[in-house]
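Have a look at the structure below before the remarks.
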């Protein structure tokens, strides 16, 4: 299941057009006092492993650097440009295509990567129309979060080091969440935050966008299992498309 | 020691101008039947950890994709362009600079990355002359290999899935080397191999550039410990330079 | 109010740091049988004029070409790449900065431009931190649309040639909407539409993403006036910021 | 005739290989006290409309931003780089090609765009050798200007806000020329003006490169009608080429 | 006088702000049966040497590759892109600036390079406003050619392997012109040649754009000496500017 | 033999798939007091001429600008970026391919160009797999130098203005080596010189990396003739490959 654990002699037999290849992508980014800088890498890796387990997919090594514009000035954060993230993903996609794969699934644990992934997907689609690229960030999690959130929603799309993301960690990697240091710091976002470049230090000192103390593994389980189900459905749908187009050839 | 395990609240106090930050870089690349595709990632990570242990450094998450031109057509190999590897390393270096670090040490487990790393180092040097970048690939290993090699040397710079590299794995990560499948396949390199683009399938079917069966942990220990000593010396030398230039400010 | 109607002798006296400069951006794109290809240009121009009227702003000439990925294969559509839209907007922003303006407001009538505008805003912000860039697409229209929509919502963000966008035209430019040709064609979007590159011809033959016949000028008035109010508030907020930072110099 | 007024349902039937598609390109640039910043946009649009009327062509929306290097420091001027103008025009050309057009006619009202247009034409020609691109700036106007000019010629190629260009406006858009403010300010160009980068503020304070008071609608008529005739001949010549090559397929 | 003949120990004393540094640029391009492919390189080198002799300048090694779009499909022609010519010249200019020079004079023997040189000059001007760049191609030669031409002028700017250019060679490098093979082949240029990409094979089989048999060393002498005088005047003018701005510092 | 001396009428008959086309590449770079800045250009040109003489090859005009990072701050040095050298060589290679050549041999007299040449070769190989590119810098000269060197070897790859390179000049172009000014200045390279960007002024004031006084024409002859023999063998090997692949078509 872990692509990099395979060897060159044996992997050939496992390469098929419908095999999903999952690329976990995260970031090194401030996540408050209770979660590590590598939170999004851990989540992307664990989540990808779950998807792979249900779809007999390969999990590539995590790409642990992402686009961290909003939090780049917080201690410890590292950022790549959108352009560079796109290039890396496109070139990995090209390599996979040449290897014979046709279903490439970048799975981000970090919302900031999604614009780059969408660009990468379109670029690959233009070059290799017979490869399908699924770009995934916990499908529909914003809606599902309403079902479990006890604290305040601070923004229609952000989930960061808060009740929600901490819950994901408590379910997927509890040993990496130090709840003894969890804090609540729901910010008031300025009304222009979505309309003008707004580094997050403008409205939070902690990078905890909510009430981390409200996080539970149960909430994480709900969100992961629900979104995971969608991921599996999406992959099966794409596999079906590939099968049909292969038959038609 | 693992950078990504730190959190944003605590890392600030650990950021100093002389703290070495090690970036392990590897590749996903064919390494014969006995070593996994991720060999260079494992080696770069383990080797970086050793350096960090001796120099009180930080180890960043491994960048697991590299420039794999020569072996790109072997099953399982994935490649980035030189340009993209350079961009990623430059942008990570810029982030580290802005965080306050001044000693950045990309450590590659894959020779193919070194041209990109040299370019990245020069680009960063031009922008941030007060940051030192050390680009490392087992310093002087080609000479040291002469001390332990029992098989043939096939090339003046390549060490790949052979007696030498397999020995490194037997010392640093024996659980990832399956010696029961090790083979000997020393190639005869065409005389123009260094002078014209030469994919390795032109001269090897296995990607094992030598006699993997001759590998031992002892040989690996010799090579790792000797080169490691040089790495530590280099880092101390650079730290001394930084200290001096800081005093002069 | 129209920037290009000014002459070089007189405009100097009108250039201030708080003067908002609005750049309408649209696209040439299929909009069904009842709306012209230039719909987004008309809307962006009219909407910008309204904003300018309320804020004493300048309206630049409309940039009539945009990123039209999803509908590029429909008759008449023309598309620029994200990268090119970003470059144009950045260079216009740079020129405005050099002219002395500090409040630049790209106003798109086309959702597909927003990723490029966000990139442009961040690029300008990095270069000219004392210029504020507001990137606007009818603020919060998706939520407001719920208040007036009688037909079905087909997607959480798309409004295209449907009840909603046609209503905007009936309010802002009724002479350009031919309601005698309006049709209803609400599509069923595939569940993977947000997760994989999906040209719209995959799910619609008309490019009318809803029930255009339900459009009314009243609905348009509600949406325009409500969102306009937010635009005006945003501009006043930014002007206040500029005034404060100017005082501090 | 106005491309953007068409709708997606009807335009398909009007797309043919010989249909000329005119792209007016101008600039926002200082034009003295009597002409607006948007002068070149107005001229390009009006002139394109005349060409379209005689050749049954489509007129695209004016691209109102151009390369304004020489006058970029005058109040109100906005400039794009050559590279960006080229990219926009190439991408519009590509879209037109995919739509089925084969005769693309960028028409500039601004001399500064011509280098970018030539590059764009060559780039499109290399990609789509069966599309013809005509890049037009009042063909041969420098020679024809000698027939009507009463004032001094200041340069062998420049016509800017002077007797000549003001005459074009008086003929094509008299409502946008305020002759009560027309001035005469023929500059003495330094002898190195063509051989070294020379911003125009080095030799003019007004940007009026001649005697605007000598402008008349009659002179404009002569220049427009003469050059227009050439445009029409050029288009007919290209249409004939397209017809022949189509027959040969 | 030849820059590359200097050595590193002695050149330092000769570097001054007013010293002109001439960069001859040519091309490898078809020039009919009587002139070699390297004609423009020979001319640029010889001409630069004359300028240097009169202005105590340095002559850099000739850049022997240029932009040869129009004749690229003729036997023997080699071409660079405009972009690449620009990059080379900009980087040479940057090096000269860092060495302490302030007067950089690219001298082309090939008209096709002039657009790239103009771009390079503007790029250098933006970066180093205190360096002057003169881009030279036989100043005003088109007008002067009227004084000596006995054959037909085929185009208002082209002089290629014809009476005029062959005369330049007969004066500057007679040993490289084989008049026994000179031919007359004045083409009729299509009327759209200046308005659409037009490879020269469309109108000439020989690349001799005129009557080479009418060439004489006397005509060459007239053109070279007249244009040379302008070059010297230009350089003196720029030196005066540099002197004045240096005094003001 | 000199490509640029050919004319367009005659060269066609000499273009074959196996004809080697040699591109000498050098640099303008400090070479101590006894060798000129253009040393590498002279060497590359002379050496290429020898290769051509033995292989009936064409010699292109020398590209006299190269990547001079390490010595860029010495008086007189000029540098291009790696990227630009690569672009120039790729575009020359493309032109040669279109002309019908299939064996392109860039021959550098400057070690600093080799990374760019390797990149260029790979780029051309990817585009034109049926063209062979040989990138040459005195094959194996470092090993051969051990046979003749009387002074100290200062580095495993550098040969610069020292006993070795001066010997090459004494053999290939004695009139350009002023032995009366030759000096000995063997530097002690810092141990991190290969691992971090290290401008050579950090360890040498003369740029003479060794004992130039020990140079002799005999040593030069040995090195040139030995390496030349390898070049000829390489070219014959590639010609054989081309012949075989041509037969198979």
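Lettered A, B, C, D, E and F in written order, each chain numbered from 1.
Convention: a residue touches a chain if its C-beta (ideal position, glycine included) is under 8 Å from a C-beta of that chain, and two chains touch if they have at least 3 such contacts.
Keep in mind the model is a prediction, meaning the values are calculated, not measured.
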Legend entry - Touching subunit C and also subunit E, the following chains: D
Legend entry - Steps needed, at minimum, to go from subunit D to subunit F via contacts: 2
Legend entry - Both-way neighbours, i.e. chains that touch subunit F and touch subunit E: none
Inset, instruction - Going by C-alpha centroids, which chain is farthest from subunit F? Tell me that one. - result: C
Inset, instruction - Working from the CA atoms, figure out how many degrees subunit A turns to land on subunit B, in steps of 5. - result: 180
Inset, instruction - Please indicate which chain is farthest from subunit D, where distance is taken between mean Cα coordinates of the chains. - result: B
Inset, instruction - Weigh D-E against C-D on C-beta contact pairs and write down the one with more. - result: C-D
Legend entry - Centroid spacing, where centroids are CA-atom means, of subunit A and subunit E in whole angstrom: 56
Inset, instruction - Using mean C-alpha positions as chain centres, tell me how far subunit B is from subunit C in Å, no decimals. - result: 49
Inset, instruction - Could you tell me the distance, in whole angstrom, between the mean C-alpha positions of subunit A and subunit C? - result: 29
Legend entry - Junction residues of subunit F - those touching two or more other chains: none
Inset, instruction - Under the touch definition up top, go round the ring from subunit A by way of subunit B and list the chains. - result: A, B, F, E, D, C
Legend entry - Contact footprint of subunit C on subunit A as seen in their complex: 69, 82, 115, 118-119, 121-122, 125, 132-136, 139, 190-192, 194-197, 230, 233-234, 237-238
Inset, instruction - Quick one: which bits of subunit F touch subunit E in the complex? Just the residue numbers, please. - result: 2-12, 15, 28, 30-38, 41, 60-65, 72-81, 83-84, 87-88, 91-92, 95-96, 98-99, 178, 181, 206-207
